[in-house]
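Same chain, two partners: chain A is paired with chain B first, then with chain C.
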Partner chain A sequence: MTRILQSDKLDNCVARWREAGLTVIGPVKNESSSSYAAVEKAAEFDFSLIMPDRSIKELFFPQTEPMLHYTIKKQRIDTSDFTPPPEKRIIFGARPCDASGLAIDDPLFGWDYKDNFWFQRRDTTVIVTIACTKADDFCMCTSLKLAPDSTKGSDVLLRPLQNNKGWQVEELTDRGRDAFNEIADLLQDGSGPAAPTAVVAEKFNLDACVAWLQNPENFESTFWREISMRCIGCASCTFLCPTCHCFDFQDEGDTYSGIRRKNWDSCSFALFTMHTSGHNPRATQSARWRQRIMHKFNYFPGKFNVNSCSGCGRCSRQCPVDMGITETLQAISTLPS
Partner chain B sequence: MTIQETYKARVKKLLASGTVKMVIGYKPGTTADRRRPHFIRTPEEADQLVLDSACITNLSGYLLSEGLLSDEKAVAIFLKPDGIRSINILAAEAQLNSEQILILGFDSNDNQVTALEGEKVEEFTTLIESIKEQAPEALKNPLLEQIEGMTPKERFAFWQGEFSRCIKCYACRQACPMCYCRRCIVDCNQPQWVNTSSHTLGNFEWNIVRAFHLSGRCVGCGNCDRACPVNIPLRLINAKMAQEVLGAFDHFSGMSHTQEPVLASFKKDDSETFIL
Partner chain C sequence: MKIVARHDEAPGVKTMRVEFQNPTDLELFKQRYRTGMFGLYGVYGEGESTFCVASPETRNEYIEFTFRQSGRVTSALANADIGDVITFRGPYGNRFPIEQFYGKNLIFVSGGIALPPTRSVIWSCLDQREKFGKITIVYGARTVADLVYKHELDEWGKRDDIDLVLTVDPGGETPDWKHRVGFVPTVLEQAAPSPENCIAVICGPPIMIKFTLISLKKLGFDESNVYTTLENRMKCGVGKCGRCNVGSIYVCKEGPVFTAAEVSRMPQADL
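For the complex of A and B:
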């Protein structure tokens, strides 16, 4: 029997989870921007958003994060590690594309060593995803073989009820079950009809794109220059992307002591690959855009067997010059491989 | 014939005759309200050209794309008055030769697009002078006045809140026609002069450095403000600096292609009795 969580009980759930020591996080919109942010009351959530402007990534991989404190002495260097706060969290109302993005990045952060900054947060966060009943012109999850009700990366999937008064609860993992056991008495048995999931048209043929990208002859194609001519080289697409994960180390302090930080970095920047000699192997914006597409749909799947894109569409939605993955892959779809 | 069609015919003629090698304009975007920059090199490519009130991006920054102007061939570009002023600044700062630029001027008010007479940047001087006349009024903004009414502490808190969303994507810089430095100060990393971290200090450093660097240079096109993915009201900072520079030095950016940059010029009759 499916269980139902009614919207009017959500405030009690938030209170219950908070009493149990969980930080409750969800989609929040203020005047100018939206993100996944901590709330105290259910009324602070905004489930009407297609998705928050900022992806869920920053809750696991913050834009800037201290890694270690260093002190340089005459004969030795002392360091002390920072570790992420051992806070337990529940993210209520993640979008399936955001949750999938986390699952896509898990093998990356656990590849040659286990990145504790990522996994400590992953291990202590419950992800409760709400299936999408609305999409906009930029959504493209179906093109990535995902769906508006994908369960990938989620601990619980909620399907909005047709009457808009609650959600069907689908527990997917033990972590999800534990979190919902906390509020078991606030749930109802039953299975009111779920609202239809959003219709997201397939925008490009992924397999055809991947085949074209895998053909080494296309690496030097003039296509890259044409498609990226208007790219201005900012990092809006990479920083809003739920799967882009590149970072830079920065030491902040003086000669004797300071903090080493991990900051988001972007392949869109010329500085990203600049050598100390001044030579830049990715000297042009088209080479940088090619890298972004190749990384997501050729190199990353080559290593981890999954595309580094969950189809949220933020790259196109927020691009100052209306570029993005959709346009590029649509164009590639039409090229002979 | 609509203005769009008139301009389309003109663009085709400019390309067919070889008068210009490229026209930078607009084409349809992903959604009905979006326009994309469009680089037109053949008369056929002009078929996609769009000119309407949704064409708001100041395209002048593309003129500095590496190698574009180095063959000394002419390039035509669709510009609103703010973009035309950008050409004057870029020429005054020796970033381009305005002789090479053929302006396809337009303006839009109340969703109506009107054509602007002229091709060379000098031909728009009267228009720019009239914009300067209106500037003290046009630069006014209720939110700006509200911020000016705050105590320094409140003001600091306001900007701290706004800047706290900054993710250091540098979309503001990249979208700005005036941010053409080959190597931005934040990218100078030996030593790292400006923190790249998006913590409070780093965010203040970046946004204040940029505000000063744009003082007397910003034309208020709004590219930075629209590009910001987290909607920091950058227009307020630039409008405030424009007000200051206008009030203190009677300097309005982009008046002519020989106008001296306000922060790089010295006048003996300057009202200040000292140099900082």
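For the complex of A and C:
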């Protein structure tokens, strides 16, 4: 039996989850941008956004976070590890591309050395995704073989009702079921008709692109220089991307005490790969853009069997010079492999 | 780890020997460390830098590493004194398959500050000398002053079971320099080691590697018998931070030790 969550009950749900000790997070718009942020009341949510400007990534892999604290005494160093706060969270209103992005990065943070900063947050966060009924020209989930109602990475999928007064509830995991059991009495049995999911046109032929990228002869193609001529190396695409995971370590402090931080980093930056000698394997912006595309659609799937892109389109949507993954893969689609 | 010895090798180049303060860490290191692996050496407040472990697996009670002072972390390391404590993460990466070298002749070719990774292999072999055939070491630097491990070069030069060929770039010699003058690849070709039953281990700046590979090819070496170690910028060492890759190969996980055959399959523009 399908159950319905009515919009006018959402505020009660938020209150109930908060009483149960959950931090409630969702799409929130402020003056300059939008992001997934903690709320106290349902009225703070903005479900009209195609998606928040900032991706869901920062809730699991913050832009900067302390890893350890050190104090140095004569011939002795004491360190204490930071661990993410053990808060339980529910993200209400994630977009399917954002939820998928998290699932895409799980194998990366989990292989070989398990990154507890990531997994502790993954394990204590319930992700309630709302299927998209609207898309814009930058959305490209379907080109990545995902969909506006993909369930990948989600604990619960909600489908907006046609009358726009609530959502059909599809519980996908035990974690999702537990969270919705908290509010079971606020749900209604029955099923109103769901609004049609957004139509997201396929923008490029992924298989053809991947075949082109996998051909070693194309590594040094002049295509890379042409397509990335405009790139100013600002790394907006990296920072807004739900799957970009590269990071840097920096120490902050003095000789006696301080913290070591993990910060977002980007393959767009020349310093990312610069050797001490001055030699830089990726010395030009085109080599760095090639790395970004190759990593997402050739190297990452080679290792983890999944493309490092969920098709949110933020890289193109927010690019100050109008280039992104969409434009690049569209151009590759037209090249002979 | 505590610094127990430090040595000035060349202008700006130092070697440190560090020992574990905690016996469990030492035991773990001894279980895991094999020649070729690397580590991240750090000073809190400054950061971490990646260097190979320059001491061999046959001497695993301590770690030696050699570095050139050039930035924030290496300056802090250079300023550290005996008794000071620094950090070490590792050992990471793969190793030289030394047991596959048993019974073979070995030629080591190295340039400048790239002798440390080679030196780790050299001592691993010298410490079980009877297991190998002829050992030849070709080592060069820009100037006489830039040669590192000078005391060990003297020691190797005196041994009759090692063929040591030293060279400096033209103009880098001193009046009392008794060895070769010339670039490493040229001197290697003059030394003309036979590729028969021989393994080559080469390490140096990218330009030296490039021309040494050409010379070895000329001498008849098969790429699968030539080993090298790649040193890319790294931060995490565990395959996540995303910068050390050459094409799809992550140097921190799949390397740093590769055969020349493996290197030639990598996208050359990414090296």
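Quick note on the criterion: the second predicted complex is superposed on the first by the 337 of 337 C-alpha atoms of A that agree within 3 Å, B and C clash if a C-alpha of one lies under 4 Å from a C-alpha of the other, contacts with A are read in each partner's own complex, and residues count from 1 in each chain.
What we mean here is this: a contact is a pair of C-beta atoms (placed from the backbone, for glycine too) under 8 Å apart; a residue touches a chain by one contact, two chains touch by 3 or more.
Fair warning: this is a prediction, and the values are worked out from it, not measured in the lab.
In the overlay built on the shared chain, the residue A:Phe47 is in contact with neither chain B nor chain C. Contacts of A:Cys267 after superposition on the shared chain: chain C is touched, whereas chain B is not.
In the superposed pair of complexes, A:Asp248 makes contact with chain B and with chain C alike.
Looking at the shared chain after the overlay, A:Arg230 reaches chain B, while chain C stays out of its contact range. In the superposition on chain A, A:Tyr70 contacts chain C only, with no contact to chain B. By the document's definition of touching, of the two partners only chain C reaches A:Leu108; chain B does not.
Applying the stated contact rule after C-alpha superposition, one finds that A:Gln318 touches chain B and leaves chain C untouched.
Of the two partner chains placed by superposition, only chain B is touched by A:Glu327; chain C is not.
Residues 248, 250 of chain A lie in contact with chain B in one complex and with chain C in the other. In the complex of the two chains, the chain B residues touching chain A come out as 29-31, 34-37, 39, 57, 61-62, 66, 165, 167-171, 173-175, 187, 189, 192, 195-199, 202, 223, 226-227, 229-233. For chain A in complex with chain B, the touching residues are 32-33, 53-54, 63-64, 137-138, 229-230, 232-236, 238-240, 248, 250, 252, 261, 263-264, 266, 269-271, 284, 316, 318, 320-324, 326-327.
Residues of chain C that touch chain A in their complex: 2, 44-49, 68, 70-71, 74, 83-85, 87, 205-206, 231-233, 235-236, 238-248, 253, 267, 269-271. Interface of chain A with chain C (complex): residues 70, 72, 75-77, 79, 108-109, 111-113, 115, 216, 219-220, 245-251, 253-255, 258, 260, 265, 267, 272-277, 279, 281-282, 287, 291, 294-295, 298-299, 302-303.
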